[in-house]
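Please find the structures below.
In what follows, subunit A forms one complex with subunit B and a second complex with subunit C.
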Partner chain A sequence: MSELRPPTRLKSVALRKAKSAAFTGLLWLTGAIAMVPLVLIIGYVLIKGTPVMSGAFFTQTAPPPGMPGGGMAQAFMGTGLIVGIGTLFSVPLGVLTAVYLSEYGRGRLATVVRFVAEILLSTPSIVAGAFIWAVVVTTMHSFSAIAGSIALTVLMWPIITRATEETLRLVPNDLREAALALGVPRWKMVLRIVIPTAGSGILTAVMLAVARGFGETAPILLTSLGNDFINTNPLQPTDAVPLRIYNYAQSAFTQWQSLAWGGAVSLLAAVLVLSIGARILSDRQQRRLG
Partner chain B sequence: MSDGLDIVGLSAWYGTDRVLADVQMEIRPGQVTAIIGPSGCGKSTLLRCLNRMHEELPNARATGSVMFGDWDLYAPDSDPTDVRLHIGMVFQRPNPFPTMTVFENVVAGLKLRGHYDRVNLKERAEQAMRQAGVWDELKDRLNKPGGRLSGGQQQRLCIARALAVEPQVLLMDEPASALDPISTQLVEDTIVQLKNEVTIVIVTHNMQQAARISDRTAFMLRESAERPAALIEIDDTRQMFTKPIDKRTEAYITGRFG
Partner chain C sequence: MSEVSQSPRTEHDAETPVRRRLRIGDSVLSGTTVLISVGLVALLAALLWVLEQGAAPAFMKYGLNFFTSRQWDPVNDRFGALPYIYGTVVTSTLAILSALPISVGLALLLNEVRSRLLRNPLTVLVDLLAAIPSVVYGLWGLFVLAPFLNRYLAPALGATLGKLPILSALFVPTPAVGNMLNAGIILAIMIIPIITAVTREVIATVPHDLREAAMALGATRYEAIRMAVLPHARSGIVGATMLGLGRALGETIAVSMLIGNGLGISASLLAPGYTIPAIIANEFREATSTGMQHSALLALALVLVAIALFLAAASRLLVRRSERMGS
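Let's turn to the complex of A and B:
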């Protein structure tokens, strides 16, 4: 038996190894293909966008049509203002909703709240924008940064709620029981034990929501309108980076088009930094609770 | 000397499933009372009823009385948070707070209840850690994260945390079942030393452990899934392990089931 078998067995082993190598190669290939769009986008945007990036790009406002120079300072300021206020609104709302759902919500109300958050999460952003236009812009009789912030809040709130609820659920129940058994009231247990333990997870949720806020165009378009000049009054029409890209990209002037590419580079960089930061934080969180 | 507990007609439910029926039991002050019985016999449920932790689980509730001195812990105006100020608990799995250092863990109960006097906290921490037998091991690592210790050290840290708030009764739910023999020995030493100062109720799977450390032993049994668990017998530990009155206790202790 042992005299006959070895050759066939060797052959089958070699065949299996070859098959295995072929499939592994195939999987590597599909993995690489998945990377291609990202690499192409980043590469293309960098090639088109970096030449325009200079000191002036960040410090000067919109150039007149057809003129060289100028920058997007008003758009950076505006995005900061709109997303900043939106974050101020959506973080407390989102975290509190998540705490309610994870720590208190047991009955029908919790189911309803969770369902509403789920619906909001998949609401098209243009719908959020149109809604806030109808409710806020028309009643205030003006486009404004604050209207944009409220529209962004509608989008950021459910993101923060969902992601925060998930991290809060990762906090072991043992820790809640340990705190309660020490005679600590429930609200204090949540505030001093559960939320700090989930800490970096909550920060991750906020970063993801802020990244989303940076990139949203449609809701800002209908609420903040845009502005060629720097505006720091939340009640006035305000510019934003994605809005400016949208406007410049369709223009006939090459300088405006290259400014749009520069804006794209800045947005991409901000979103990448936030996403990578969120990734690092959530890895650290997993390890600590692991 | 602390007060004991007098359990009167205590029943516990999960939803509509009555898991514990009409328990009458006296926990004598300054003694160690062990609760033994096979898995699922309701011993942890009974223990968790004694500081009203049972009702923290979804759909769980309990009825009856637990008298602590002349305070009925289940009276309508009795606040579970107050109950737990006096009756502490150590869990089966070590559960130090991962965001806190060793020192912060020990004084967590004091701090979360609003005692901020730093010197006093240090004294209390040292005292509690000595009682729990971790002071010598951890006194140089007070500022290290509590989650980085070995399992045995974590559990003794949790015992120190429970003791730092100076409870009159300490409930321990299989505190050594996840520990190695040496750590188990240290936990048992702690229990024996704490006797007279603190009333201890310990749930254990380990009958030798019950025999070694307890003054009195209670045997619980759930005879079928349809019927709730009940207290079968409670007596002096020596009596229970040599001449139990109930046949079922004898069968369990001699290893015929469970």
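Let's turn to the complex of A and C:
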């Protein structure tokens, strides 16, 4: 019982407080540790990549090995093509799945669909690539932009579904009931009331999915292959910005390496703008509906 | 009676063309959404089935040897995946060990900080870390992080932990630029936002009463967290870790840029290694269609996705249970 004697207790209170303060300090330290890579990555990419930015970088195609100049025009076009088609595929699929989950889904099927959407978020992106290679590339006997788009769809569909369902659930039930009470049929209520009310939330979901699509390298590697020249035919092998960065970063030529940093600036800018924009939109949406 | 037939009620029941069109609209929309939702489930089934079909020849031919053999020899059509499995396990373990304490600390911090002015930007920054594409991590890792680690961290670890009896095997220096330590560290940075986000969600559902009760009994902040918050969030944190592990196992690009892609199995973390996603990324396009190479790579993809989906499912269940306990 000696530790219950007043002097010892007083000391231990001081000790406990010190321990708690040290712990709080430790928490702040973890915050600092996590921020260091973010600051360093953005800083390095800006410092090394910005000087590469020029008209030529966006208008010229891949330079021959060891030659100065050149750009990534073919990669920008390719990323636009692949992600554009992927978005066209995945937005209707993702939104309609979310509409099912939030407006119609009851019982076991809804539980299963929601669970599958959830775990599909964890599909390793390289596996999506291998899957679409086996299904699309082997059937078409060619790598192609469209195969890349389908691989991205596998990844983007569950992202859009999850985020859209969340935002559809924010739509107040009063609105639904008011519409139904006025004799509006259910489908019209969903299309004219629920979806427009959730509009900016759905846009947020799409922006997040597109940001993910821009950055994916592994699935594109196995499905679109890459291309040194501008290609606008979805059935042909096509280049993409992340793919170019991946290849150039590991090359021995300094010109290629600096082009990789230039690609990284453009990619990072696009992804961060989309993510921050999505964040602002969803905050505003939550304030409006919540 | 003819007047009655004009009453609203009868008119309402009649199959007027307008009403039929409205009903058709309903079954069209609900039918389409059901169909597409079933399509999502079918997508998962198709993914597993296609990979299984592709993997079957390799599994048939090599059996369990596929997992235990270290020989990966496309020229002689012999495939054993042990080096890749080993590299994947080592880098993921390293990533989890480094990321977990930081992520839990960060999640607690985001929950403890009362000032909105600090908390909101901090949350956004953590989310941004998750948004950075893996190829950008890889590029930065290759040109900035890896040289730094090779120059400072590796010798420091060798001089400290490397002097201890058993741990010394982990830090035998090699001249390699790419190694498993660097890959593990870039992976840790990449999964911190994932583990943090889920842990934070779980911690947020711990009832305030518990914490306040502890505080009212005289507990310090540390003791309240230690005794009231963490035990309540434990299964959720395990779930968050599993989700992070799943991501770490499947991460391809950044790891393949940093790990050195060496085929040996070395105890030293400073030696190059190779992972399952990295070998798929590097060999898939050049694989010949005659031999077993594609099948072996698809077999690896199947193993990878099976583990990742299992971890995701288990994580989901654990997190949900933890959240239900809280509410």
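The definition used in the following text is that the second predicted complex is superposed on the first by the 256 of 290 C-alpha atoms of A that agree within 3 Å, B and C clash if a C-alpha of one lies under 4 Å from a C-alpha of the other, contacts with A are read in each partner's own complex, and residues count from 1 in each chain.
Everything that follows uses one rule, which is that contacts are C-beta pairs under 8 Å (C-beta built on N, C-alpha and C of every residue); 3 or more make two chains touch, one makes a residue touch a chain.
The structure presented is a predicted model; accordingly, all values stated were derived computationally and were not measured.
Residue contacts after overlaying the shared chain place A:M67 against neither subunit B nor subunit C. When subunit B and subunit C are set side by side, the one touching more residues of subunit A is C. Applying the stated contact rule after C-alpha superposition, one finds that A:W261 touches subunit C and leaves subunit B untouched.
After overlaying the two complexes on the shared chain, residue contacts for A:W133 are found with subunit C alone; subunit B is out of touch.
In the overlay built on the shared chain, the residue A:L235 is in contact with neither subunit B nor subunit C. When the two structures are aligned on the shared chain, A:V273 is found in touch with neither subunit B nor subunit C. By the document's definition of touching, both partners, subunit B and subunit C, reach A:K188.
Contact with neither subunit B nor subunit C is seen for A:L88 once the two complexes are overlaid on the shared chain.
Touch criterion met: A:A178 reaches subunit B, while subunit C stays clear of it. In the superposition on chain A, the residues of subunit A contacted by subunit B and by subunit C overlap at 185, 188. Within the complex, the subunit B residues that touch subunit A are 51, 53, 56, 58, 81-86, 88-89, 91, 93, 95-99, 108-109, 112-113, 147, 158, 161-162, 165.
Subunit A makes touch with subunit C in their complex at residues 16-17, 19-20, 22-24, 26-31, 33-35, 37-38, 40-41, 44-45, 48, 92-93, 96-97, 99-101, 103-105, 109, 112-113, 115-131, 133-135, 154, 157-158, 161, 185-188, 190-191, 211, 214-218, 221-222, 225, 242, 245-246, 249-250, 257, 260-261, 264, 267-268, 271-272, 274-276, 279. Residues 106, 172, 174-185, 188-189, 192-193, 196-197, 199, 288-289 of subunit A touch subunit B in their complex. Every residue of subunit C that touches subunit A in the complex is listed here, in rising order: 22-23, 25-26, 28-30, 32-34, 36-41, 43-44, 46-47, 50-51, 53-54, 101-103, 105-106, 108-109, 112, 122, 124-129, 131-140, 142-144, 189, 192-193, 196, 220-223, 225, 243, 246-247, 249-253, 257, 277, 280-281, 284-285, 297-298, 301, 304-305, 308-309, 311-313, 316.
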